[in-house]
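Structures incoming, each one as structure tokens.
Two complexes follow with chain A in common, the first pairing it with chain B and the second with chain C.
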Partner chain A sequence: MSWAAETRTILKKELRSEFRRRWSSALLLLFGLVTVFVVSFSLGAGSLTPGLLSAFFWVTLFFASTAGLSRSFLKEEETKTILALRLLASPPSVFWGKLCFNLLLLFFLELILVPLFFVWMNVSGINASGFLLILLLGSLGLVAGTTLAAAMVAKAESKGVLFVILAFPVLAPLLIFAMAGTKAAFAGAGWEQLANPVKALVSYAVVIGAGSSILFDFIWEV
Partner chain B sequence: MYIKWMRWLLLIWLSAVIVFAFVQPAPQQQIGETSRIIYFHVPCAWLCVLAFFMTALLSVRYLLKKDMTLDAKASLSAQLGLLFCLLATVSGAIWARFAWGAFWNWDPRQTSIFLQLLIYFAYFSLRGSIGETEKRATFSSAYAILAFLTVPFLIFIVPRITPSLHPSDTVIGKEQKFNMGPVVRWIFFSSLAGFTLLYYYLYRLGAKIKVAELNRKGMA
Partner chain C sequence: MGASLSASGLSKFYGDLKVFSKLDFSVAAGEVLVIAGPNGSGKSTLLKIAAGLLTPSFGRIEFRNSMEVIPKERRRRHLYMVSPDLSFYEELTARENLNFFLALLGRKLDNVTETLSRVGLGGREDDEVAGFSLGMRQRLKYALAFLLEPQFLFLDEPTANLDTAGAKIVIELLAEQKKRGLAVVATNDPNEYTWGDKKLELGR
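Right, the complex of A and B next:
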């Protein structure tokens, strides 16, 4: 099977197994909902400055997504299917299949959480297309930076805590760029002010994604 | 063998650097007396990055050769890097108290050194939570390399996105070139060389111990 076809097969298998465990995606969604709720409820209904809004937005998204992103390899370990996956598929296709699935999962979360955040936090007067681009690139970087950590914690002790500890330092530059870009987009800034964060986000996603996919070969084999 | 006389060289060299750093006039008039920190803080920060670069390099070599001594050396370099990172963070915070008025104000430089500290902590947490030797070596190597890929972003891109008050950007930055006098330059680069030699000395000494430990366990 070609590399692309194998990646598609892994992605299909992920989607099917997720569909069969619908309650688990519902749990992820609820977890995200609680995160958004805690943040917006504790801040009240006042309108915040773009800087604060973008900071809260990415903190919320980071914590709402950790529960789902950390599980991508853990569930293989729990259902004892990890050996079969190692026998049947090549490491790059496992990595990219999981990464694509994580990205879809993140989009699904964002589809519900972002409108809720906007409504609850009274976000208005923004550069919508700029915001969507930053969100898309930020999500790419988020899955690129966490897939390797997810594969590592599946085989380590104290998994949930370790995932956040491992993922955060790697994701920190991404969060800084995404927050800067979102702040500008929330303030209604034009494209020329978004150019630098967008460039930084693209380079981050490419460098970290490529690096992770090379390193994944080594950790998948042991 | 030369490890033995290197400690005497280091003792004399670094003592001389410390004496000259305090008897000579302060290196930068605008900042004043506290600018003497440049002789100690900058070398610590430099070693913090150099040690992490060495960890990443040794990790790459471990992944290619699967030699346990390389992994032991990578973690040793990270230990030294953590030490110098703590020294750079604390000395920087004390300086910031007098130059900027607060120990901590999340200047981009403070953010990036704190993230470097977090990377070291994460590296050692990962090592601590995997029991199997080969798995621990492979995972921590992969993590060190991945984390090292973020360093260019932290050093070169983050300060461009968020403005900084750090003297390397305000006083030494492109517009207001900080011209070190010849004396200042001599003390500064002697200190940099002395600190780098100190790292090398500690690294060689630690590597001997790590290899001896591995040999005793019969794993080298």
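Right, the complex of A and C next:
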């Protein structure tokens, strides 16, 4: 069976499991909605600068993804299904299957969260296509980094603490570039001002994606 | 000459704690090796090493198909393990679980109804595993073994949670396994020692 077909099989299983139990989607959505709602309610719509808005937007996505996406491997470990997966699935297909599932989950959150964020925070006059590109690239990097960190901590004793320690240095550069790009897009800046964050995010997604794919074999074998 | 398995100088340590050391054994096609020993003697660890789920501290284990050595990355297509540490997805049905694991190896689920009937789960194909008892879950593991038809079969505490009828399923599977490959069984039940053509005793 080809690598792509095996990845598709794992993605289909993840979607079916999530559809039946909604472990991660409910957690992601709850965290995202509550955070945006509480901040917009306490600070008031239209009172934040593009810099604060972009920081707030990525902090919400970061914490929602660490709360929800980090469960991808943890659930397999807790329910002992990881042994069958390790026995019968190839490591790259497990990594890419989980990554694709996490990406779909994050897109689902963004589909609901972004319109609400724009309405509740009264965001207007932005470079919409620039924002969407930054959001897409940032999401790719966020999911690749989170999936790898989740795989690394799945077997550890203090999973929560270790996840934060591992995820922070991996995801900090991504958040810096994503916030810079989003800030420029929220301020309505043109493509020339978005070029550097976009290049940095593309590089980050390629490096983390390729690095994670190689590293995952070793993590999975341990 | 069919499948064969050989281990030489196999040792496992967790830090300073020795689980076992310098084990040598071999299993030829058509043979069943029984690994016996008290709790904590390393039976499950040895089986997990053989199945590629743990790395030995020292030594090597070799899988052969006729004269050809099967490389580690291709072994998963040839082996299967039934273990108390192995679970199926509770939120999926018996059919969906079997279908998923077969699909990972590029195989289609053809005779699920007969196979599930064979292990005493007839009519439960479309029930979620969450509603299965421990014995039924163990039977489902054997259903996958019948469907996968692996050359190398590893059974850890094979009759755990099974009644007398369930134990007959294991005997039936081992009889089939001897025709297509080999099996390694880890147990501390003296009644099950008779299943083996060879016995490896582990102890502290």
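In this text, the second predicted complex is superposed on the first by the 217 of 222 C-alpha atoms of A that agree within 3 Å, B and C clash if a C-alpha of one lies under 4 Å from a C-alpha of the other, contacts with A are read in each partner's own complex, and residues count from 1 in each chain.
Criterion: a residue touches a chain if its C-beta (ideal position, glycine included) is under 8 Å from a C-beta of that chain, and two chains touch if they have at least 3 such contacts.
Please read these numbers as outputs of a predicted model, since none were measured by experiment.
In the model built by aligning both structures on chain A, chain B fits alongside chain C without clashing. Vectors from the Cα centre of chain A to those of chain B and chain C enclose 90° in the overlay, to the nearest 10. In the superposition on chain A, A:L111 makes contact with neither chain B nor chain C.
By the touch criterion defined above, A:A128 lies against neither chain B nor chain C after alignment on the C-alpha atoms of chain A. By the touch criterion defined above, A:L215 reaches chain B but does not reach chain C.
When the shared chain is aligned, chain B comes close enough to touch A:A156, but chain C does not. For chain A, the partner with contacts to more residues, out of chain B and chain C, is B.
For the three-chain overlay built from the shared chain A, the minimum Cα spacing from chain B to chain C equals 5 Å. Looking at chain A, you'll find residues 222 touch chain B in one structure and chain C in the other.
On chain B, the positions that touch chain A within their shared complex are 63, 111, 115, 118-119, 121-122, 125-126, 129-131, 134-135, 138-139, 141-143, 145-147, 149-150, 153-154, 157-158, 160-162. Within the complex formed with chain A, the residues of chain C that make contact are 51-53, 55, 73, 76, 79-81, 83, 85-92, 96, 100-101, 103-106, 128. The residues of chain A lying in touch with chain C in their complex are 1, 5-6, 9-10, 13, 16-17, 20-21, 79-81, 83-84, 86-90, 93, 221-222. Listing the residues of chain A that touch chain B in their complex gives 148-149, 152, 155-158, 162, 165-166, 168-170, 172-173, 176-177, 180, 196-197, 200, 203-204, 207-208, 211-212, 215-216, 218-219, 222.
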